[in-house]
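There are two complexes below, and they share chain A, which is joined by chain B in the first and by chain C in the second.
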Partner chain A sequence: MIEKSRISSFQMAIMMYPTILATAILLVPSITGKFAERDMWLSPILASSIGFLNVFLAVQLNKLYPKMTLIEYSEKIIGLIPGKILGFAYLFFYLQTNGIVFREYGEFVVGNFLSKTPMIVVIGSMALVCAFSVRGGAEVIARSAQIFVPLVVILLLFIFILLVPDLEPKNMFPIMDKGIMPSFMGSVVPASWFSEYTLIAFLLPFLHDRGKGLKWGFISVFTVMITMVVTNMSALFLFGSITDSFTYPVMSAARYIDVADFLQHLESIVMAIWVAGTFVKISVFYYALVLGTAQWLNMSDYRTLVLPLGFLLVIFSLWTAPNLIEMVHYLTTTWVFNALTMQVAIPILLLILGKIRRKRGTKVGSTRND
Partner chain B sequence: MLKRSWRKSEKGRKMQKTEYEKKEQDSLSNSFNNNVQNLRDIYKNCSDVVFRPFFIAGKGKAILVYIEGLANTEEIDDNVLSPLMQESTEYDDIKTLLKKRIAVSNVKELATFSDCVDQISIGNPVILIDGRATGFSLDLSKWEQRSVEEPSAEQVIRGPREGFIETLQVNSSMLRRKIRSPEFKMQAMEVGRYTKTKVIIAYMDGIVNKTLLEEVNNRLKRIDIDGVLESGIIEEFIEDNPYSPFPQLLTTERPDVAAANLLEGRVVIMVDGTPFVMIAPTTLYSFFQSNEDYYSRFLIASLIRWLRYFLVVMSLLLPSLYVAVLTFHQEMLPTTLIISVAASREQVPFPALVEALIMEITFEALREAGLRLPKQVGSAVSIVGALVIGESAVQAGIISAPMVIVVSFTGIASFTIPRYSAAIAIRMLRFPMIFLAGTLGLLGIMLGIITIIVHLCTLRSFGVPYLSPMAPMNASGMKDVLIRAPWWSLRTRPHFTGGYNRYRQPPDQKPGPKKGKEK
Partner chain C sequence: MIWGSILGITFVVALIILYEWPKLKQGSKKEKATVVVLTGAGWLLAVLLVFFPEMPGPTDVIKAIFQPLGRYMEK
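Now for the complex of A and B:
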């Protein structure tokens, strides 16, 4: 097998946590707020159903083809040529998505902190660091996630606790004033974030305790949902109906912190630790892309692909959109359909076809990988 | 290319063999004169080798060969020469004679010249006897050695005060005195073509992981080098990642540290001629733990451990944080503080990055000078450092006072790291961090930290992940990393022993007034 190291399902869960959340806590509260307004805290709960569905799909597909990733079993399920085409579509999708993640990161850092630093330096330095971890393989990304995720969680808790004096819980009432529709509309964009759980299709084959994959996948989705609910709630309690006028509500909330005139202006520290979460997110996407490409090309080692694909990712991040406004627009419109098609609809189809194939007893896939 | 030229020179060397190489594999012959002549040829121009011919019981020709200063001449005179040379001794068979007359505990029979040379070189006198194709070595070596002292690099307040010395036998006996069980094993091997340094692999049978032991053995056997003068030379040959700034073997001068690690299932590698033993595998955390943590009460030990972790982070990051805040994030400081810092920096012509580099390099220079100089001059260095660099540089307006504070605190913080090898690694990484802080601010620092952590995640020490038990996570291991849990609750050995012989002790040993009454 192309990846020799093994990870545990707990490690997979901990890797996926920042993979969804790192960028979700930046732009998503504001986008959700635009649609759901007072009910924005409900939207992540609805959206998480997509996450649960995705974990379920990936685990079921993995049960059919235990040692294969998405790229490999799509060839088995729909045949070599269509499978290669679908594989390419997936790789391109991840190339573009990761480009977007890079761009979100770059826009955030340049827009808020290093306004005079060229975007390419900010993105390029991150790409180098991520390339270093992707070269180490899934194991190394998982271990670094184990170090950084507790830091990110502590950071979020820290922000919320210090914000408590400024919170106004009344802002959430009346609940579901206009019915379920606004919160449902608001859940569409977070749902496209949750659909990124399809990435576990690239990690499941390397679990050494695959039986616990489903359980830990669900726990991971659940914790992400809780975190998003808490984030949206605190943004709502703090800003009320004007939440959607901030681009980065959580960051703006961190600026409000002022304890004893000493703990103030903490946004730089918040940014620094948030970067660690983004690092995990980019690394996981980057890893899926590199591993998938190597499998798509039937290569025996993926390490040679790391730097060329990293270069391509940096270029894609700059091509993605001319500016932040257009990117946010893209993320709330086209990308939702793109993401949900690639990450929800196609896996459902693959699962159905795979089940049919298995029932018919055509042993194309099953003989070779048991 | 390099390989080829090495082979060539090897060939050239082979053409003119030394006298010893020619005769090394030969066995001793029946001809006494021949044997003696060969040995004399081998030890030609070795003025310290003594050849002492004598007659056993006034009849049989024999010769005693030993190295001056390595052999115990008094004992040789009393226990070997005088009983053998007595005219009254009945001389029939030398073997019975040895049994009857020679009061030496360890006697070995030798068949080849290389055996003889090995014995002579470790100080054991060798007897060759007329008419026999074997020689005998007598275990009568004695040489000057340093007495056991408290190691200066690892001081403790509570804990044993003895340290290893340069002599391997003394070191292994110190360990044996701590662990008396016969399950404590010590395998010996030789490394170094010329120095023939004895290396001992010590482990606890039944606790150590067999594959680990095999791996250590294989890595040591692979070494082919002319000489081993310090354990550091071996360390560089058996590391997992030679390019990493982090040490992958723990070195210690203390027998109690070595014994504790043996009981945790690690392997201890002892090398003759150095007071430092190496311990494998190691994790990052063991470099930040002092043996005293385990002897003082656990609450204090845990607190001190946290303090130490904090200081480790400070010694890596403090100068770069200062540079980043001054260059990019002034708003992070409270207003009064930033005003006073800005006021003190008014006179300083350099940007914070340059200032930090100047001070850090000066500090490193002072430290290095203080280490290498004779002790009497060392104090002069600290006076010059404190007065000239501390006081005058600030007064002259070259360096700001806060920078002096930052650098000195960093220095103090780095002195709190119990293991010197880890402290050096962090000292080294401080400089790239300062550069990153000067160019990208806090983001740069974070990227640096991520790189370091990713590197640490890839690192292994003899197959054990360097960051375990933190990543991969292992809950019972965290008891000895996040805190120092009390001894009665530290039930499990570290994870890498392979789950086999996991428990150190039975549960429910928490003391309390009721427990005493049970008995």
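Now for the complex of A and C:
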């Protein structure tokens, strides 16, 4: 097998937590707020159903083909040539999505902190760091996630606790004033973020305790959902109906913190959360892309592909959109359907076809399924 | 400025190839070809983007495919 190191399912869960959350806590509250307004805290709960579905699909597919990733079993399920085409579509999707993640990171850092640094420097340095962790393999990414994620959670809690005196819970009333529809519409964009749980299809073959994969996957989705609910609630309680006019509501909330004229300018903490989280997020996407490409080309080692693909990623990040506004518009409209097709609809089809294939295989008694 | 960017891109690409070369030497022909093609494609894209920054990108492809659905999310 191409990847020699093994990770535990707990490590997988801890890797996936920032993979969804890192970008979701900054851009998504404002997008959700635009559709759901006062019910924006309900949207992540509705959206998480997609996350649970995706974990279930990935685990079921992994049960059919335990030692293979998405790229490999799509060839087995729908045949060699269609499988290669689908694999290319997935690789292209991950290349572009990872480019967008890089761009979100670059826009955030340049827009809020390093306003005079060229974007290419910010993105390029992150790409280099991530390339080193991807070269190390799944285990290295998992271990760096184990170090960063507890820090991220503690810092997030710190921000929320300091915000408590300023919160106005009455902002959320009346609940479901206009029915369930606004919160449902608001949940579509977070759902596309939750659909990124399909990435565990690239990690499941390397678990040494695969039996616990489903349990830890669900726990991971649940913690992401809770964190998103808390983030949206704190933005809503603080800003009320104007939440959607901020690009980064959590960032603006952190700027707002002022304890006894002493504890101020805590946005640097959000920056720390963001950089650490995005590092893990990009590494997981990058890893899936590199591993998938190596398997798509039937190569024996994926390490030599890391740097060339990293270079392509940096180009894609600058190529995807001319500016932040257009990128956010793209993320809320067409990308949603792109992500849901690639990461929800196609895995469902693959699972159905795989099950049919498995049934036929056992009836005839062929050795196709070994 | 344009030629500076191209020089920078070429420098990065050369560094990538130099860094990978010792490992690639032992590898098969296929691996060498893959790395060279990927890095070459990256170089070509980067240079094209320096000359035509407004070149239609992957986003436009996705937009063209999913536009009818994307309209539902306009607000």
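Simple rule for what comes next: the second predicted complex is superposed on the first by the 360 of 370 C-alpha atoms of A that agree within 3 Å, B and C clash if a C-alpha of one lies under 4 Å from a C-alpha of the other, contacts with A are read in each partner's own complex, and residues count from 1 in each chain.
Here is the rule we go by: a contact is a pair of C-beta atoms (placed from the backbone, for glycine too) under 8 Å apart; a residue touches a chain by one contact, two chains touch by 3 or more.
Since the structure is predicted, the reported quantities are computational estimates derived from the model, not experimental observations.
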For this session: Based on the superposed arrangement, let me know which partner A:333 touches: chain B (first), chain C (second), both, or neither?
Result: second
For this session: In the overlay, answer first, second, both or neither for which of chain B and chain C A:321 touches.
Result: second
Exercise. Touching A:35 in the superposition: chain B (first), chain C (second), both, neither?
Worked result: second
For this session: Please work out whether A:122 is in contact with chain B alone, chain C alone, both, or neither, and reply first, second, both or neither.
Result: first
For this session: Quick one: classify A:275 as touching chain B (first), chain C (second), both or neither.
Result: first
Exercise. Of the two partner chains, chain B (first) and chain C (second), which one does A:160 touch, if any: first, second, both, or neither?
Worked result: neither
Exercise. Can A:304 be said to touch chain B (first), chain C (second), both, or neither?
Worked result: second
Exercise. In the superposed arrangement, does A:113 touch chain B (first), chain C (second), both or neither?
Worked result: first
Seminar exercise, completed: Touching chain A in the complex, chain C uses residues 12-13, 16, 19-20, 23-24, 27, 30-31, 34-35, 38-39, 41-42, 45-46, 49, 54-55, 57-59, 62-63, 65-67, 69-71, 73-75
Seminar exercise, completed: Contacts from chain A onto chain C in the complex sit at residues 34-35, 92, 95-96, 99, 185, 188-189, 297, 299-301, 303-305, 307-309, 311-312, 315-316, 318-322, 330, 332-338, 341
Problem set entry | Residue numbers on chain B that touch chain A, as the complex places them | 328-329, 331-332, 334, 440-447, 449-451, 453-455, 457-458, 465, 467, 470-473
Seminar exercise, completed: chain A contacts chain B in the complex at 8, 10-11, 109, 113-114, 117, 121-122, 125-126, 129, 132-133, 136, 139-140, 142-144, 146-148, 261-262, 264-266, 268-269, 271-273, 275-276, 279
